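Here subunit A shows up in two complexes: once beside subunit B, once beside subunit C.
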Partner chain A sequence: MTAPPLAGTAKTEPSAATRGRSAVLAAGLLAALGLLVLVALLSVALGARSVPLSTVLTAFTAPDGSSDHTVIRELRVPRTILGLGVGAALGLAGALMQSLTRNPLADPGLLGINQGAALGATIAIGLLGLTNPAVYVWFAFAGAALASALAYALGSAARSGASPVRLALAGVALGMVFTAVSSAILRMDSQAFDRMRFWLTGSLAAQTSDVIIRLVPFMAVGIALGLLLAKPLNALALGEEAGRALGVAVGRTRVLTAVAVTLLCGAATAGAGPLWFVGLAVPHAVRAVVGPDQRWLLPYAAVLAPVLLLGADIVGRVIATPGEVQVGIMCAVVGAPVFILLARRRRLAAL
Partner chain B sequence: MARLTGSDLTLAYEQRVVASSLNVEIPDESFTVIIGPNACGKSTLLRALARMLRPKTGAVHLDGSVITSLPSKEVARRLGLLPQTSIVPDGITVADLVARGRYPHQRLMRQWSKADEVAVASAMAATDVTSLSERIVDELSGGQRQRVWLAMALAQETPILLLDEPTTYLDISHQIEVLDLCADLHEQGRTMVAVLHDLNQACRYATHLIVMRDGVLVAEGEPAAVMTPDLVEQVFDLRCEIIADPQSGTPLIVPEARRRARTPVAH
Partner chain C sequence: MTTPVRVGPYSMRPAPRALVVSLALVAASVALALVAISTGEFTVPVADIVTALFGQGTPVAELIVSQLRAPRVVTGLAVGAAFGLSGAIFQSLTRNPLGSPDFIGFTAGAATGGVLAVVMGGTAVQIAAGSMFGCVISAVLVYALAFRRGVQGYRLVLVGIGVNAVLLAADNYLLTKANINDAANAGAWLNGSLSGRGWDHALPVAIALAVLVPVCCAVSRPLRMMEMGDDAARAVGIRVEPVRAAAIVAGVLLCGVATAAAGPVMFVAMAAPQLARRLTRSPGVTLIASALTGAVLLTAADLAAQRLLAPTQLPVGVLTAAIGGTYLALLLRKDRR
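And now, the complex of A and B:
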């Protein structure tokens, strides 16, 4: 059953360069994790009322019920955890989408998934007047799931099956319809618009810890599933036929990727509103640095996206003290210059 | 019974039937070349043999099992395919691209193993791309790039390797280079199946020819036995003379010259 041996004695040691690059990438990922921990700590410490890091630590080791400790434990920590989860979810979802659709400009908005989640939340908050996030989270999920199912059904309606281009076209069209319906609902009812205004810009401040606890399992499953898809997505990146020839179950890989993206985007959008920039820019920037190997790209995107999101959230809190600028706005403000710099420095990596 | 066979195949894209009642057997350890005019169904047949196209009727069998009933990774450990068009991920290095050929040998959580390492290094040595291993694939010449794709397929370590027009888009020296490499791989014991356009190259390299026209298998067998002027006329509508290739002794097709010599242009 095995292939005959190849002629010629090949050197069996990996080249020093290959081994060196893996070591550099692994070290880089560790450094990125370190950066994430640092940003998370800053996110707990900084804000309208800044707290020294030592107080942050004692808030956990020896809570004394002081107002500083209460702020940290009941506001800043949940907010930071939400930012970590939402950031990782969006970064990973964006990277998965770019790989699945072979489109460097893909983001979770491309399949209409974010718009679907936003429509679900709009119906729940605006139309039905639901105020409990623990309830309207499910509407956002339903919207996200409906969007990805519809995009997949429309995109694969042709006899030759789903192609990346058809998926993207179906997703863009659906996204526009969802956005139009959401707008119509909001325009018809000014009270709904008021309730939704905060959520629609994208904010990490609006959620309580019991909502966050509900979202975490979805994010965790989505992240684990997404990271496990690195190898088949790598093989599929060589083209559909090459991927199938290598033994990739193409349909299953596409469906599982869509499931992971739906879980990640549904949870992220339910938790923080529609955030557009992170899912597009972070995987793109990461690809320019670590290259096209999904086994590195996916974890890097999942670690660095929350760095951007929490960083933007911190800046938004600090610059507008005692108020704050919402993270959806700050992400674009902070991220866009970085993105433009990267785009100027080297051509955007095509897929 | 050969390892790879197709019986009673009806091959179609959507409603357009390309071939019907096709029976084909790939002799084990042969270098089989499929030839025929454009749109005769030769690439379609290759794609069906590689399970890229599900036959409307009939079945392709690999080692006695219907190929589509076997797990995809299982098939990929026995049968490799170099498709006509593949995508080079932007910025990928030669070593990384070749390493992706190891996919069917990997499990969900298993890390890169010694066997993977050896397979990749051997595949790169056999195709003479070891010195290119850290280069970006996009920046290579067409001939080098085709050798890298071959290395990727070799890293898959399959006893059967199918190649869909592996020489298209290459200049003549790179065509010969790729075909020589295929002949080497065949001599080491692999079953090679290729779709080729050039009849003389097909005759020179094939141990077994499959000649197709309009979805029908017109002739098959050793090139010297199969290739006759009548067959070429029947299949390609081309009148020709066949002589022995002065280098290899295999059939060499010489198309008939135009009947009327061109009238010299007066100046």
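And now, the complex of A and C:
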């Protein structure tokens, strides 16, 4: 532990070592962005019908209306953009939730928030017959907000805060209820069931580009808000009292984090269905490398989670040609082992 | 403490409350069964049920009673009992209400095995075999992954949740690979449903119960002692390892055979032992009362699932998941002192 800075000298010059570390982390973030661009290009190029990268580039610079270019512009690009947005949203939401609840098992899927959003969207699409995503996304937000409030209320004990296991159990219980109600609604309407079947598994292919365009603003606002919360969350990591002493508005930070999580999870679920584990695995992996500083953790999680999601989506497309494995399935297969590894740790350390 | 009753070399200590509760549960399940068989779109008077079952009633009543409603009710009772018993065994072994097969991935494993058989166009026997196999594999997997100098309660539950997620993903994958008819069948089965169950579904569960209930009775008392810890149980002369092995085998088989018949119906295995414990005011998990509670729960849930949103028929698994999840949430709430 370093000694706390004395009053008046709080704004000392960062030491050479700190600056060096910052430079390394910034370079790493750039490299991660480069990786993301590469994966995005691969996601556009690869699939049941793979296209060389040069054709991908000409599809943007000089579209000639050939079938390859049509596939790229109408199918692959929207899908990739959706993957970028959903991945960033879920990775950031997971990191924010882990930070806010100080719970290593926090994940939008595990805590039932994505299932709550899915229930909201199911009610809107299946029961009320709404088709405009700019309208039904609000139902997804309502579902996500309700689910996160319920999970937190059930999972937290008055004295000791939310214990990791209790929060996970509350989330799983709620997720089951939400999923059951969703499937009961879909049972009554076979047309809605047919429309929503793939979406409920978690798929990036289930949406058209006009839907995606309407979801992007919500994701963008959520991501911006989430990234801005890094500093107060850093202070809160020391505990509520210490955070308050460092000048953080505790209540406001909590509320804003909850708003960001709700926006991110609601928009991501409205786009790709209820996905598990993306928000769990990526922040843990990132934390192992960059450490607990939220100012680095949050952007890294937002950049690397779409790498995982798009990577999983590409693998799902390639391993089962001519069909494909939906990304929700791939996420569970990739993410659950991480979760099991965490669960096997002797003590679930609070974050 | 009640006075022991001795008959020759055997002695037992009857628990009057448990006995009364068990009899009441039997009466409740009979009453539910009669309601389920006699009412519906076509009402069969209770008096006509027996004649119809023995082939003495009108052809319509016979068709409805002995081909449609009775097998469904019997399957429901048997599956509920099997889930209740299996849940009681594992909750006793893990000393944790969440250590029940539907929560730690055993039921999901049985479901995946069953779906694999359904998707490959398997017969009823192959589906049952697939379920049993899947249940055994997932049980081994969960225990192996959770093992770390012993299997500690919450680690088992968390590992089970993780394995559960992978198995659900596997189910979804199999559904997308299947042709549309198989996928529809498998999807309906995966919800957990008693609709359209015939005698060929009821029979395997009934046979499994007939064989395994005596085994469970035999291990019931040692299991109760083992809830106090292996060392304490050994000190009073219980051979811990064989008892545990027998209990695990019985629990896995019951879970597998029940899932094969009705699909993965969630929460009966979790809730039944807890309710039975509260009803009998017993200090530990009670096996027989749990089985009876499971039978009553599932039959009542199926009746409600058929009638609540009529004419829409809900699969019973959807209803149990909705009720059970709420119950679990309340349990967590109450648990936070």
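Here, the second predicted complex is superposed on the first by the 254 of 351 C-alpha atoms of A that agree within 3 Å, B and C clash if a C-alpha of one lies under 4 Å from a C-alpha of the other, contacts with A are read in each partner's own complex, and residues count from 1 in each chain.
Note that in this section a contact is a pair of C-beta atoms (placed from the backbone, for glycine too) under 8 Å apart; a residue touches a chain by one contact, two chains touch by 3 or more.
Bear in mind the structure is a predicted one, so any value in this text is a computation, not a measurement.
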item	value
First, second, both or neither for A:333, with subunit B first and subunit C second	second
Contacts of A:234 with subunit B and subunit C, given as first, second, both or neither	first
Which superposed partner A:207 touches (first subunit B, second subunit C, both, neither)	neither
Touching partner for A:269 - first (subunit B), second (subunit C), both, neither	neither
Which of subunit B and subunit C A:249 touches, first, second, both or neither	first
Touching partner for A:148 - first (subunit B), second (subunit C), both, neither	neither
Residues of subunit A contacting subunit B in one complex and subunit C in the other	none
Partner subunit C, residues of subunit A touching it in the complex	105, 110, 150, 154-158, 165-166, 168-170, 172-177, 179-181, 183-184, 187-188, 198, 201, 276-277, 323, 325-326, 328-333, 335-337, 339-340, 343-344, 346
Contact footprint of subunit A on subunit B as seen in their complex	14, 47, 50-52, 71-78, 80-83, 85-93, 95-97, 100-101, 103-104, 106, 108, 114, 117-118, 121-126, 130, 133-134, 152, 154, 156-159, 184, 188-190
Interface residues, subunit A side, partner subunit B - complex	1-15, 17-18, 102, 159-160, 228, 231-232, 234-235, 237-239, 241-242, 244-249, 287, 291-293, 349-351
Contact set on subunit C toward subunit A in their complex	98, 145-146, 148, 154-155, 157-159, 161-163, 165-166, 168-170, 172-173, 176-177, 191, 266, 309, 312, 314-315, 317-319, 321-322, 324-326, 328-329, 332-333, 335-337
